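Chain nomenclature is as follows: A, B and C, assigned in order of appearance, with residue numbering initiated at 1 for each chain independently.
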Amino acid sequence: MSYQRYCLICRSSKCNKFSNSIGENFKEILKEKELKESVKVVFTECFGLCNKGPIVKIMPDNTVYTGVMPMDVREIVEKHLIKGEKIERLIHQENKPKQIKIVLRNCGFIDPENIEEYIEKDGYMALAKVLKMSRTDLINEIKLSGLRGRGGGGFPTGLKWEYAYNAKGDEKYVVCNADEGDPGAFMDRSVLEGDPHSVIEGMAICGYAIGAKKGLVYIRAEYPLAVKRLAKAINDAREYGFLGNNILGTDFSFDIEIKYGAGAFVCGEETALIKSMEGERGEPTSKPPFPAEAGYWGKPTNVNNVETLANIPVIINKGANWFNKIGTEKSKGTKVFALAGKINNVGLIEVPMGITLREIIFDIGGGIKDGKKFKAVQTGGPSGGCLTEKDLDTPIDYDTLLTKGSMMGSGGMIVMDEDDCMVAVAKFYLEFTVDESCGKCTPCRVGNKRLYEMLEKVTSGKASMEDLEKIKLLSNVIKDTALCGLGQTAPNPVLSTITNFWDEYLAHVRNKKCPSGQCKELITYTINKDKCVGCTACLRVCPVYAISGKVREPHVIDQEKCIKCGACYTTCKFNAIEKK
Amino acid sequence: MRIKSIEDLLEIKKNILNKRKNEENMIIIKVSLATCGIAAGGKHIKEYIIKKMNDEGIKNYIIKDVGCMGYCYLEPTIEVMLPGYQPVVFGRLDKEKIDEIFEKYINRHEIVDGIVPINYNTI
Amino acid sequence: MEKCKLVIDGKEIEVEKGTTILEAAKRLNIKIPTLCHLDLHDIKMVNKAASCRVCVVEIEGRKNLAPSCATPVSDGMVVKTNSIRALNARKVVLELLLSDHPKECLTCAKSGECELQNLAEEFAIRKIDFEGEMSEYRKDYSPSIIRDMDKCVMCRRCETMCNEVQTVGVLSAINRGFDSVVATFFEKNLEDTTCTYCGQCVAVCPTGALTEVDYSWDVITAISNPEKIVIVQTAPAIRAALGEEFGLEPGTPVTGKMVAALRKLGFDYIFDTDFAADLTIVEEASEFLDRLNRYLNGDKSVRLPILTSCCPAWVKFFEHHFPELIDIPSTAKSPQQMFGAIAKSYFAEILNVPREKIVVVSVMPCLAKKYEAKREEFKVNGNPDVDISITTRELARLIKQANIDFLALPDEDFDRPLGESTGAGVIFGVTGGVIEAAVRTAYEFYTGKELRDVEFRQLRSDEGIRTAFVNFGGFELNIGIAYDLGNARKLLEEIKTGKSTYHAIEIMACPGGCIGGGGQPYHHGNLDIIRARARAIYHEDRHKEIRKSHKNPYIIELYEKYLGKPLGEKSHKLLHTHYFKKVLY
């Protein structure tokens, strides 16, 4: 027996505060009106409208009510459920979801290991269409779409293809950069695990456009499932005749080989990637010459990111003029972001360019975890910068993010709340870049290391104001002189946090204090003698015997000996230990 | 099965769509088995669903592996499409929840707690 | 050739497309400082790393500073090489390099010749703002080369030289980031690798990371020992380059002064390796003709071509890489070793002393000679034929330490009997010289006729790999000549695959021959210096009375009184050797 109607109440994140009482009210009033047998109250996960919460949806009417308070329940039952009248003041005005799944169109819908499911969803129709076009028309279509590189550079894809097309030589290559190295980014992994054929089709179309017969996917070995699914997809594509000789009965031949990364972030940089594929040390080389002119084995090579290539079949099938209506003036289409950090709805989202940060974090993302206060969001991984509260209404696109001192990057978005120390965040990213630097050029090899050492001084309370000036100076020189993107953008988190959170740096340097309580060396543990009962529990766990005191008398921590491990803090059952 | 021309491709697509029509009476369950799903126990959930199908004697179902649906914070997730109904996504699954889904949703089309509303457009 | 017009520091210039900003600036007499850059395109070595970032310049319209050594010009480019931004960046980059460099200038072997030291001085670095962790590596001592990677600036010149020019492949960067360093296979010591000790890495290293093992104090110790008779032999290449260490123009021959300086240093006998070079020619030409005749008469046990074997780096190279061809090179020892053998046998008999009383010191342009002197097969009962081998640079240091005013010395002569040499012996120092010397003798041995014109110009060239033909009275001799081991490898591959049509091949491991050796005064990237040295060598040859090795009266006397005949039993025992197959890993 099924119910006639359902009241769906969102119990996620922000809505959670009221969902229980709304639910209780519904159940009570429905019982009162004897509707309990025909209307069911169901709690759901996030609707993605958290800013407008609490949310209630009536099915099968498909009506979404926003800002519903427990006291509105009676009106909803009496007017809507009984009389069939919608409550205008509560109705959700723009009933358009904020996400548009273009790149992720098939992810989560089709079986990635079954090529027929891909064909069912118009798979390889774009390739078929393209083989009837001239190569210049094809490239113009991509140019018209306004698609820009999704790996972070944001270079116009159509233009990149045109360079490779114009380059002299009859041996050309298409390379797919699947060496997703940014910490916290998993967009490319999901695309390769969920819809590998879209990338294969994109590569084949690119091969046709520039005149390449061979494609290579450089995928990081830390993605075994993606590798497995991609390898199967390539095999299936070959079997069905979408790869190999005389594709679809034309004289276009194209095949794809998989090359594995070996754990080097720097090999995500296109020239280092090419060197790595050639079997040499993965170090970037000077540009020019650009890969489009001389890349893999010195031949014209086009390197594109996974997400960029996944967009190509859609652009061909639906047309460039459909695609370039989405997004902003200079940044067209959608972008896949991997939301992570102190946010409720951690996951993969795909939004049109131009959406604001506020919508991403507070609507789709469900707001900050545990009701804490938003502090900053890091975009672009170790190459990017922080956007703060004042930037929440910034439309997201390539150029605007650059003006804010950050960058789009590959799509990683790490959300930080009031408990995160921004200096520690900058130090964390710099630690990553120092570890991943290839070591070829002086500014990155030595400069970033020195920058990191200076940040360590800051977080351990040993820095001076002069050190802060040195940090700024060195960061700018490294940005100006490093050989590749890794080195050039490594100081970005530092500069961005210095600009936006100068007061935190000052607190670390002048007051030797960490306002968020994260930097261990700057934390002071003291015992509040009014709360201490003298149970000796902390005394016994202290590894350096820094606590003294007799039973039933307030204990004292010797600050000279204290190594700030926090064991006493976690042990005390009386909240007598204060952490500052 | 080599596709030698565009006509072949259209033919194959037509056949696939026809096959799909024959599945109109089947319960189609899609289990999100990307890395996040597997890490959260997606494979065990899939096994359990198959076991339950056998126990309940349900034979008109298809169970598929799919990629990431994007709800990483709710993994393991599945999508259940009953014949004649829109597909519904369920998250934060465990054995009890699966039992409840079988008892209430698959048996009686009664929506249960924990469904995930669709918050995107697709093309 | 397409041209580009650009403006550098306000001055306009037109250059060919593909020229770098650094090159274009040089033509305007604007000298942009560089460190890792090294352009030796004549020997096919261009270090393209662009890794030091010292040469950065500001280009209008470009967001970042650009490395001028690696950035090609474009039409309409506007470049500023000394804007405040560029100057500040250069200074910071240098400070960063110095912050990870040992501050040991006072005791460093490269002090005074170090490119990093020069830059620090040029930029007036008085304080290093960015102190921090410093790289520390184990020092690697081999018979010839010391690797002190603490002083490495990761310019990658040594790697480029060893991999691309010499194709020996011993050096490569390992690890990542701050820990990255240029190292050997599994960080083994050099002496456990296939390193040939050619010393070209030492010749191009800008800092004190790669230097030679200095045996000069051992020489002083030997000289001051009254029990020992210390003999010195000097290679042909020394006399053409030693003057550079004292401020003379490259290519000034200083033979007379060199002998005078050695005498002042206190050596008992000043002899000449060129004498032994003449000896080598007599033996090797005889061996060559013997093999050639047997080969032409159908003897299948004999293989051609014959390869010269006086270069120890080259010998070690083919022992590792072409062990299957081990019977092809000439069995004649190198002049250094022949000299040592004769000095401690023939000359010891003349002096009536046991061989242990004699100390043979050789002055060589070469680092591999230090290793060669230590090879086991060149010892008799544990006593080496050549005791100590020092380089041109070490000799210069010795002369300066002994406060000898080199420039004021008068010209003096070598001692006899082991100091007299012909023009053929002198030209050993240049590429093509060994084979030319051999041909001068072989011609007369083969045809029985007198050779009128001793200069075989077709064998002379500064090209790295070349073919030449010599007419032996009707028989056309096909000769291959190569310097740099990469070129040698090409010729050897041809032999291996059976495609070689040469009768004789001369190989030198160093650019231009021994005059470009790893122990010569540093050329700092200027290959014209090597060309000037070559001219000095040929000049010496032209001014010698006797220019054919077999006409050297002292050589004739040596055979008559002691050795018997070339390839005879005694000659074979003292003057010939054999080779050992060596592994690659």
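As a convention for this text, a residue touches a chain if its C-beta (ideal position, glycine included) is under 8 Å from a C-beta of that chain, and two chains touch if they have at least 3 such contacts.
Values in this document were obtained by computation on a predicted structure and should not be read as measured data.
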*asked:* By raw count of C-beta pairs in contact, what's the busiest chain pair here?
replied: A-B
*Please find which chain has its CA centre nearest to the centre of all protein CA atoms in view.*
A
*Intercentroid distance (Cα basis), subunit B paired with subunit A, Å*: 26
*State, to the nearest whole Å, the distance from the C-alpha centre of subunit B to the C-alpha centre of subunit C.*
74
*Could you tell me the distance, in whole angstrom, between the mean C-alpha positions of subunit A and subunit C?*
56
*asked:* If I count partner chains per residue in subunit B, which residues reach a count of at least 2?
replied: none
*Using the touch definition up top, name the residues of subunit A that touch subunit B in the complex.*
1-3, 6, 8, 10-11, 40, 42-49, 57, 59, 96-102, 104-114, 116-117, 119-120, 122, 124-125, 128, 131-132, 186, 189-191, 193-195, 223, 225-226, 239-242, 246, 248-249, 314, 318, 344-350, 364
_Complex interface listing, subunit A residues touching subunit C_ = 264, 266, 281, 283, 285-286, 288, 434-447, 449-450, 453-454, 470, 473-474, 477, 479-483, 488
_Residues on subunit C engaged by subunit A in the complex (per definition of touch)_ = 48-54, 56, 64-65, 67, 70-72, 85, 88-89, 92-93, 96-97, 99-100, 129-130, 132-133, 153-154, 156, 172-173, 175-180
*Inside the complex, what are the residues of subunit B that reach subunit A?*
1-6, 8-9, 12-13, 16-17, 20, 30, 32, 34-36, 38, 64-74, 79, 91-92, 108-123
